[in-house]
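Okay, got some structures for you below.
Two complexes come next, and they have one chain in common, chain A, joined by chain B in the first and chain C in the second.
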Partner chain A sequence: MIGLWHYLAVAAALFGIGLVGFLTRRNLITMFLCAEMMLQGVAINLVAFSRYHGNLHGQVFTLFVVAVAACEAGLALALFLMLYRRGKSLDASDWQGLREVGVSQTLDTEPLAPAPAEEALPTLTPAGARPARTEEEPARV
Partner chain B sequence: MSDPVGLALTVLALLLAATVVTACFNTSLLRKIAHWPLIVACGSAAVVALVLLLKVHDAAGDAAVRFVSEPVTWFQAGKLAVNFTLTVDPLSCVMLAMITFVATWIAIFSGSYMHGDRGFARYFAVMGLFVFSMCGLVLANNFFLLIAFWEGVGVCSYLLVGFYYDKPSAAAAARKAFLVTRLGDTGLILGLFFLWRLTGYATTDLTTSFDLIARAVRDNPAKVEELTAACLLLFCGAVGKSAQFPLYVWLPDAMEGPTPVSALIHAATMVTAGVYLVARCAPLYAMAPEAQAVVAWAGGITAILAAFFALAQNDLKRVLAYSTVSQLGYMFMALGTMGSVSPTFAVTAAMFHLFTHAFFKALLFLAAGSVMHAMGGVIDMRRFGGLRHVMPRTHLTFLCGAAALAGLPLLSGFWSKDMILEALTEASEHPGPHSGTFYTLLLVGLATAAMTAFYTFRAYFLTFWGARRIPEEAGHHAHESPAAMTVPLVVLAFGALFIGAAVEPLSGHALSHFLGRTPSLELASAAPGVHAAEAAHGFDWALAGISSALAIGGVLLAWWLYGGGGPEAVPDALAPVWVASRNKLYVDEIYHGAFVKPAETLAFISRQFDGFLDALARLISYVPRAVGLGLRPIQNGLVQFYALSMALGLAVLLSFVVFRISR
Partner chain C sequence: MPTLPLSAAGQIALAAGLAAAAVYLLLPKPRMRSVAGGIAAAVAALAVFSLWLVQAFGRPSHDAVGTALFALFSTGALGFGTVLVAQRNPARGAIAFSFVILSTCGLFLLLAAPFLMAATVIIYAGAIIVTFLFVLMLSHAGGGPSGENDRTREPLLGSLAGFAFVGLVLFTLYHAAAPAAAADADDPSAPVVGKAALPAPVVTPDERAKLLEAAGRFEALAERAKALDPADNQAAREAARAWLTDYEREVIPPSLLSSVTEPGGTPSPKAASVPPGGSLPRRMTAYRHDGQADAAKARASELYRDAKKRFNAAEDAIGLRPPGTPLDTALFAREAHDTRGDIRLLAGMADLPARNVGNLGLLLYADHLLAVELAGTLLLVATIGAVAIAGKKGAHS
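And then the complex of A and B:
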């Protein structure tokens, strides 16, 4: 028969995998997914204990956790999008410039391969005007 | 408004209005005429005060007379209820008339003397405030009101001594004057609380509390000691304000102020506030013989010491300042005889001298101001001389003032000084524990009289006789002062010559009789143990002869030594005395060593200690900084590193909790 211990074991496994993934990966989205995994491990714990105690407290709490996690996801993905636009990369270690002043940089022994250059999209010249050559958008010409 | 209290209020209102109006005159357009409000207000106040004097005189007749205004509550705190009440009696009337009269002429003089000064309007505004406070002081019928006005005149004195505030010596002198008088004021405030206690915490009104205290002491003679303590504390205030030994040191320095200020505040009015206070509190002093002895001794020591200092000063104004200190000592000597002669006589003698002194000392200061004006601000007698042809009117008026101060026969100073000496003689003849004291003080008084005559005429001869010498600061325009300055001189000179004779011998002792109608003096005469013989005084020809001879002797000695004008030559035999006098017996240096230096050392130590505390506080502020320095490398900007530290920390915490619980 499946008892409380089984649930707890699954939850611990989920939490452990998530933790290891969070500590080892450096892609922001993967890290985020790992964090979600840890959160779900905790949620399983709550549900299991809820069942074990025979009341609904843990389940209600889990509903809240899931709702908060959803909000979190929205926020986090929006942030990642902004970070990607700034740095053209999802590498979390690219942001170590945010460290304390006077602390030396941590050298990356295994740098990622540079991202392939984006192919310039074709643009149309606005009708009736001479195409302007601007510094921000040299690709338009 | 025609009742006496209404008239007294009118005087105060006029002066306060003048102050406020003058303060508004400090604009470039109106500054030139800023002296007019004060002159007009003082002049009309003098007329009102004279009317008041006549009214009170008529009302007095042969009975004591006093008008007290309706009490208006000023403030109330617990048992303490302070009323705003004024009292009009012969004593305050005489003071009021004298103050407003002298102030009027000094205001007129100042209008010309201060002409073109940057602070012209400020000068007259403060002057108005001063005259207002001084009038309030003599009219106040409540201890707290008295203190308020007492401090008011102190503040005005501070502001006017430090009038040239950009001059460091003037600023220092103002500070010194304020701090030294503050020492005395502390005693005054304590004394007033003592008196409040003696009334059984019933009232702080002067007239009522005198009655209550007199009754309390009569019922319980053991309270005399408490009363003596209160009187001595009150006298502390008088010592500070009236520049008596040992707190006289501020007055000579106060000469840094403009000369008319010295004339009004530091000769005629404010410095006599102490004398007035003791005279006003005569019923208390009459019951405390020990306090009387202290007052008399302080007066005697001050009189002879200051006269000695005045002998060899170079600065004309300082000679006059020490002379003021000495004459105030005279007044206190007279007040000290209060129990041994009838209090009325003692107070009358002191007030009479105060009255005449106001005239001739104001005159002397104004004449010195006139000299200073012509000499381009130089007041050192070594640098000018022989001015009698350059400034004939100033010369003649100064001579009148000097003769009156020296006590030459038939002039004002002669009559009042003689009355004080008479009081001392009578006190020394009165059998009692202090008769020896008063005999000594009589000799002190006579010696002081001789010295006064000598130093006054030394200053006179050095300034006006001998070869004509004019300092280069005067330029080519050393000339007689304008009429606005000489007219007040002439008016005051008439006062100096004749006012003494006019109010006493020629008018059948009008002043004595009038002051005798003061209720508080009658109360003083009724005090137990007071020699209450009626003040029927024949003129003491022998005493008058001795004092005249001493005065004339002093003048002749001065003429013999300095008749040829300066520079002064000192006989070798007298050189040590001369040096001691010139250096004021090193009292200033002793005070500097005994009080100023220790205070400065204490301040220095405190400052160092403060620095030490600051350093300690700074040291503590370094602790978080050092901790931050140790923790900073952790913030390396790697998210994984943060997560790892968090996980490890959590693991450590959890294992700690788990193992602790399981153990």
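And then the complex of A and C:
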């Protein structure tokens, strides 16, 4: 039988993966999703303890965690929209001007790989002369 | 089952190192990105983690389907989580996140939380993901390389820091849990490290086996009750009385929850006065003094009380029924079935609690009413805040 400890270990690993994503990624939306993943790890912990203790208090806690996560999602969405309107980018590093005094600026020195060239769209050869306008069918021309 | 020639700490360090290498290789960056190498390292890390999990906390047994589902859902959650972190395209990352949510919901279901499973699917997969896909569409800035999607912030240090944290948490968990987990998993070969910081499970494996046996006997009683002839005659009355006698024998003497073994740990001075065959409530009083033991004690006492109450109800159904009316054999079957369900719940191996939703609602509105109101207020304030933040300045003019 799978015990409490198996769930706790998986929850810790899920939390850790979310933490790595939050620390390393620069896209605001990906960072937010990683934070939500960390919350999922916490929720597994709470529900597993709820099962272990044989009561529903852990599940009630998880419901409140979900409610707070929903609030967080709404506010984060609004913030991202506002930041995108100002900076035309979802890159968190664009806002490093808000860093503390004395912290050095992060500079991207390595160039990005060039975008793959788009394939040219096929062109159709003209099928013939343009038909003359007639009195009977004005709408066709 | 293969074993690793490493100590538990070595296994955790190996898994964390492999996971950090995997994420470092998979993270999008201008150079040093290797998807094949990253996937290989991730699979190796998952294998080492699984081996450590089995060796540290005991081999899961008795429940092949539950074990397989746990493996499926936990692997899905961790795998799709890695995809989310490593994915260059945020829209695909959002889809991977929705799979993480679905896997987590599977784990909730295994943990007997069907309402939470449904709520999480609705709120995350149905609302948050869709909303974020809308934001992604609004802010889509072409398909070329961009700093936000193709660069990462300190990938090496970030991976090392994150997985070092996970390794420390797992090591702490191992030290805290190994003795209790070994007892819980019926696996005497599991190592015992240090002193248990968390108490052993309140129901020992022997007691669990006894409880399940008792549940089986009540199931047989329920089947017998269904086979009783409900016609109003002397034979039916005699058969019902024989059934009641058997029910009483199961419930009252010998005690339904008698214990044949004593739990680990140092007995308190009070334990000396408890006979070795004492019931679970009495044993709890003697050996354990914490909230969990109190909860199990209360549940065991309640079970015993309910079983007696059901016996009285069945007895009344025979003794007080008006002459000429048929026996209510369905009542007998229901009482025996309910008792069997309660026993299995106490054994920790019950079917999913069908009344989970009702009990959760009762708990929310009886014990946590103020918190519910506060959560609702918080949601309202967050909505107003989101509107205020996202609203364009001067839109009204």
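General remarks:
Note that in this section the second predicted complex is superposed on the first by the 103 of 141 C-alpha atoms of A that agree within 3 Å, B and C clash if a C-alpha of one lies under 4 Å from a C-alpha of the other, contacts with A are read in each partner's own complex, and residues count from 1 in each chain.
To be clear about the criterion, a residue touches a chain if its C-beta (ideal position, glycine included) is under 8 Å from a C-beta of that chain, and two chains touch if they have at least 3 such contacts.
Small disclaimer: the values here were computed from a predicted structure and weren't measured.
Touched residues of chain A were counted for both chain B and chain C, and C has more of them.
Of the two partner chains placed around the shared chain by superposition, chain C is the only one that A:60 touches, whereas chain B remains out of contact. Residue contacts after overlaying the shared chain place A:40 against chain C, while chain B stays out of touching range.
Of the two partner chains, chain B and chain C are each touched by A:23. Once the two complexes are overlaid on the shared chain, A:103 sits against chain B while remaining clear of chain C. By the touch criterion stated above, A:9 is placed in contact with chain C alone, chain B being left untouched. Contacts of A:95 after superposition on the shared chain: chain B is touched, whereas chain C is not. Shared interface residues of chain A (contacting chain B in one complex, chain C in the other): 19, 23-24, 26, 92-93, 106. Interface residues of chain C, counted against chain A in their complex, comprise 19-20, 23, 27, 29-31, 49, 53, 56-58, 60-63, 66-67, 70, 74, 77-78, 81-82, 84-85, 87, 90, 93-94, 97, 100-101, 104, 107-108, 110-113, 115-116, 119-120, 123-124, 127-128, 131-132, 135-136, 138-139, 141, 143-155, 158-159, 161-163, 165-166, 169-170, 173, 177, 180-181, 184-185, 291-292, 295-296, 299, 345, 348-349, 356, 359-360, 363-364, 367-368, 371, 375, 378-379, 381-383, 385-387, 389-390, 392.
Across the complex, chain B meets chain A through its residues 632-633, 635-641, 643-644, 647. By the touch criterion stated above, chain A contacts chain C in their complex at residues 1-10, 12-21, 23-30, 32-34, 36-37, 40, 43-44, 47-48, 50-57, 59-60, 62-64, 66-75, 77-82, 84-85, 88-93, 106, 108, 110-115. Against chain B, the residues of chain A that register as touching in their complex are 19, 22-24, 26, 31, 92-93, 95-100, 102-103, 106.
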